[in-house]
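Input: a single structure, listed below in structure tokens.
Order as written gives the chain letters A, B, C and D; numbering starts at 1 within each chain.
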Amino acid sequence: MEIKKSEWGGETMTAIVTVLFFGVAYGMILYLISVGLSVTMGLMGFVNLAHGVFAMLGGYAAVTLMNQTGMSLFAALPLACLAVTVVGFVLERTLYSRLYGRSELDQVLFSMGLILISMALVRLIWGPMAQPVQLPDYLKGQSLVGGIELPTYRFVLVAFGAAVIVALWVIFERTLFGARIRAAVDNRGMAQAIGIDTGRLFAVTFGLGTGLAALGGALGADVLAIAPNYPLHYIVYFMVVVAVGGLGSIRGPFIAALSIGLADTACKYLLPEMGSVFIFAFVFALLLWRPNGITGKR
Amino acid sequence: MTDRSTAAILLLPPDGVSGTRKALSMSLWLAALAIPTLVPGYTPLANQMVVMILFALSLDLLVGFTGIVTLGHAALFGTGAYTAGILALRLTNDPLITALCGMAAAALVGLVTGSCMLRTKGLAFLVLSLAAAFMLHELANMASSVTGGDDGLQGVSFSPLLGVFEFDFRGHTAFYYSLACLFAAFLLVRRVVNSPFGWSLRGIRENDGRMRAIGCPIYARRLAAYVMSSALAGLAGALQAQTTQFVALNSLSLELSGDVLIMLILGGSGRLYGAFVGVPLFMFAQDLLAKEDPANWYLGQGLILMVMTLFVPGGVLGLVERLRRNLGRGGRR
Amino acid sequence: MNGSAPILETRKLNRFFGSVRVTGDVDFALHPGERRAVIGPNGAGKTTFVNLLSGRLAPSSGQVLLGGETVTALGEAQRIKRGMGRTFQITSLFPNLSVRKNVFLAVAEHEGVAWNLFRSAASHRDQFGRVDELLERVGLADVAEVKAQDLPYGRQRLLEIAVALALRPKVLLLDEPAAGIPTSESHIILTILDTLPKDIAVLLIDHDMDLVFRFAQRITVLVQGSIMVEGTPAEIAANERVRKIYLGESDHAAA
Amino acid sequence: MLRLEGVTAGYGHTVILEGVDLSLPPGGLLAVLGRNGVGKSTLMKTIVGQTRLRQGDIRFGSETISGQPSYRRSRMGIGYVPQTRDVFPSLTVEENLRIAARPGKWTIERVFELFPNLSARRGNKGTEISGGEQQMLSIGRALMGNPSLLLLDEPMEGLAPVIVEQLLEAFHALRRDGDLALILVEQYVNLALNFSPTTIVLDRGRVVFSGDSERLRNDQVLMADLIGAGGQSKARH
């Protein structure tokens, strides 16, 4: 994420608050995009490198809806989300489901193929340039909070993200639907034996996961720019969040996404020229210590 | 083996391989020798293919024979390329010395990263391989005073090979030099995969738990394969630097890691000759499709991967094998 | 029991899974050349016990000694180097490799040629001599070039034994070698057990009491992770508590 | 209601069951006996649809279910209590029960009546309860689906004698007020023979006895063989 120097105050306190704020916003986006990947990978054991495709599609869908129909951001978001959910559901039923139980290599190659095809199609339709999101005027400016200027849109982003995360939490932990998903992650055979149609459950979950990614992609368009190389460019971040957070969990990726969002923002502020090296070195060490992620078994 | 002629020992696969295939592989190598004479204009392209075949062959040792899927193989290729390039600019521009140094540097990087990464499996390994390559890419980007950063290393020139053959603009020296390296590497890899060591790698690929239970030090064995593969990838990188006199940041990129994997899979992994089939196919397709719009080429690659994984596991060579089996024993080639 | 020092021994061996004790204070000794069987009802912890002996699992407390040396802290591979061999309850082979290659891999590891990088495997005549000899012994010579996965299940079990023997073990742990073999073929296992080298100590786990009683010199009865009783087949057959356990008169007092 | 004809099944390349025939009328009762490792659990898994069926046919009610996925069989009324219990560790006791619910007379209240222990632990996760409680939970979960056939794979293992008594009573009660058919896999010969009037005995994947429990009790050779550890034919009482 790029942070312009001018956005930073001179004082340490301002810097800390700003880094925290930007880091949290960034982490939320990473979480929204990655959480579906964590759950579906845990459910199906499918190494899906192409999850970022759905985030990108969400971004393009929202941008197009807003630019073509003049729809407002908050009307475009759910529509984009829904469209991508359907795409995800259909892809799961038609293509992904054929590769369950195949080797890791096959799954890696298949999802690489999906990334490349999506990059090509997006480029053919929307061209090679990044698509800016036109924010409504009331979200464009800066807001003053405790004497620190912060972009208004990011507040909306954080609030919106937090609401979605709470809703997700409630669905996953408190409803029977969530309990069924958890049961299928725990023991697929037994889940089937008590009458759960795991195949359909997978498809629905996959669709929801891609819908969330679309939401993250659209909301975070000014953090992770919507361009054809999106799924390749940010793949490392999504995979890292899932690997560090642990498979099949919704809490692990939250911690991972927030930590990475904060750490990456802080590193880039303190040592802009070092880029992301530190964060990856840290991830490297962490995964050696806990190969199954922070919520996984050691 | 002593009663066979030297050429036969060098060229022929070990026992159990049919005469047709022996003849085929021999004519393949001989045909390659004739490229600069027959189609001189394509020599640089042919050189590029030879370098990529070597790179893909090094990956086959991991993906095909040991069952290690990595998304960061370019890290080792790039290490070789930058080592050769930087040495040439600063210390010595002898091609053989810099190539050896490139191999050694890549082997070292392979040893360090591999000894960490190979402790994990599955998703963690994939992510670590991505992260390691990403870090190297970033480091090379930042250290622009040494690496040229985004602009790459320009104007790297090398002294004549063995003090005699100059790297001229026609690219003949470069081509024969690369081809000789590839040939040597091919013989080495073939030897290795048919040795007890190579068999044990296949045992690890098939069932690592069982290998452990017959007393195999799996970690050490996999690490050895990883370092060997790294050295060969480093050699390919060094050749790239020497024969194109340029090192791009792209030589460390995720894209290159993906490309080489696709090349290998297209030909067929775990078959030694997969790289030889996959690389030319890939590069021809690229030439054909990328002309108009890079998007076409992405689409082409994506479709290749989809079709390969869904319908043609085993790549082109696997397909040929199956066709031959279906057509019965009589079908030649 | 003969007077020699035990080749394999455990002292106060314990293993917990969470708070559940699956192996409790097991003191066990196996002597060179001995034929021993471990029996016990389902869930008695027999496979856990074998895994503790082979090094696949680490004990929660206690010791494992192999040839008089403590090997508690050593992993599977190192114990195999010191003379341990085992087969698996669920067949575990190299499915896409030929029968001969399966056995060769084990011979190569054992004879230290598996690090040979530059000599073709096919030229290792001595090792292949051993491979063929082993295949002859277990009756698989006729299918040497067949892929392991294409063998009928019963013959896969024989291949398991050949692979284990290739390691020239001093102690051989056989985890249900007859499981999944049709009754009509199970005598083959017994025949092979009879032809095992006499100096190897063999520990057999199986549910087939015919097999156990015909094979074993001594039988150890494991109940809820602990040794309930140990003795000759005749003693075990006559033991009232053993019979109760198998009759199911819910006598768990022994544990 | 359940009929197996010439069922040969196993896992992957492994064949465990060979040519098994059995049939069970609605509301019927069947005990499955056999020494360890002869394929009793595999038989249960085959009926549930978790093995590879190589030959033969499985009929449930009037339909053949051989090709049906496991979840359909469950919805048709086959309840399953696996030997390994397999409660879902990340679900609470209550969730374990609720996700299995299908309409019928078995409700969560009735399950809690049957196993008051579970009621007290309703908020605990599946792994935070004792082995015996896990067993109860597994049984309760199967009942929540209101099955017409219940497969019990060694359900008494790990339960205190008092609970075993309770359970047996509960099973009898279940049978009286409905036509729930039961298949009980047991290691404990006497327990099984006392419980069920008909029995089959498996040996190495084949049915070696099928019929009256009384007839089996009087078959000295088979009983001795079955009891096994007593040693060959010496196990007569």
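We take it that a residue touches a chain if its C-beta (ideal position, glycine included) is under 8 Å from a C-beta of that chain, and two chains touch if they have at least 3 such contacts.
Predicted model only: the values in this text are computed from it and were never measured.
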item	value
Which two chains share the largest set of C-beta contact pairs	A-B
Between subunit D and subunit B, distance of the C-alpha-averaged centres to the nearest whole Å	56
Interchain centroid distance [CA atoms averaged], subunit A/subunit C, Å	50
Between subunit B and subunit A, distance of the C-alpha-averaged centres to the nearest whole Å	34
Subunit C and subunit D: spacing of chain centres that average the CA atoms, whole Å	31
Junction residues of subunit C - those touching two or more other chains	none
Arrangement of touching chains [line / ring / star / complete / other]	ring
Full enumeration of touching chain pairs	A-B, A-D, B-C, C-D
Residue numbers on subunit D that touch subunit A, as the complex places them	48-50, 69-71, 74-75, 80, 82, 86, 88-91, 95-96, 98-100, 102, 141-142, 145
Subunit C - residues contacting subunit B, complex	54, 56, 75-77, 80-81, 86, 88, 92-97, 101, 104-106, 108-110, 113-124, 127, 163, 166-167
In the complex, subunit B residues that touch subunit A	63, 69, 71, 116, 119-124, 126-128, 130-132, 134-135, 138-139, 141-142, 254-255, 258, 261-262, 265, 269, 293-299, 301-306, 308-310, 313
Partner subunit C, residues of subunit D touching it in the complex	10, 13-16, 18, 35-38, 83, 131, 154, 157, 161, 164, 186-191, 203-206, 227-232, 234-235
Sites on subunit A touched by subunit D in the complex	176, 179-180, 182-183, 185-187, 189-199
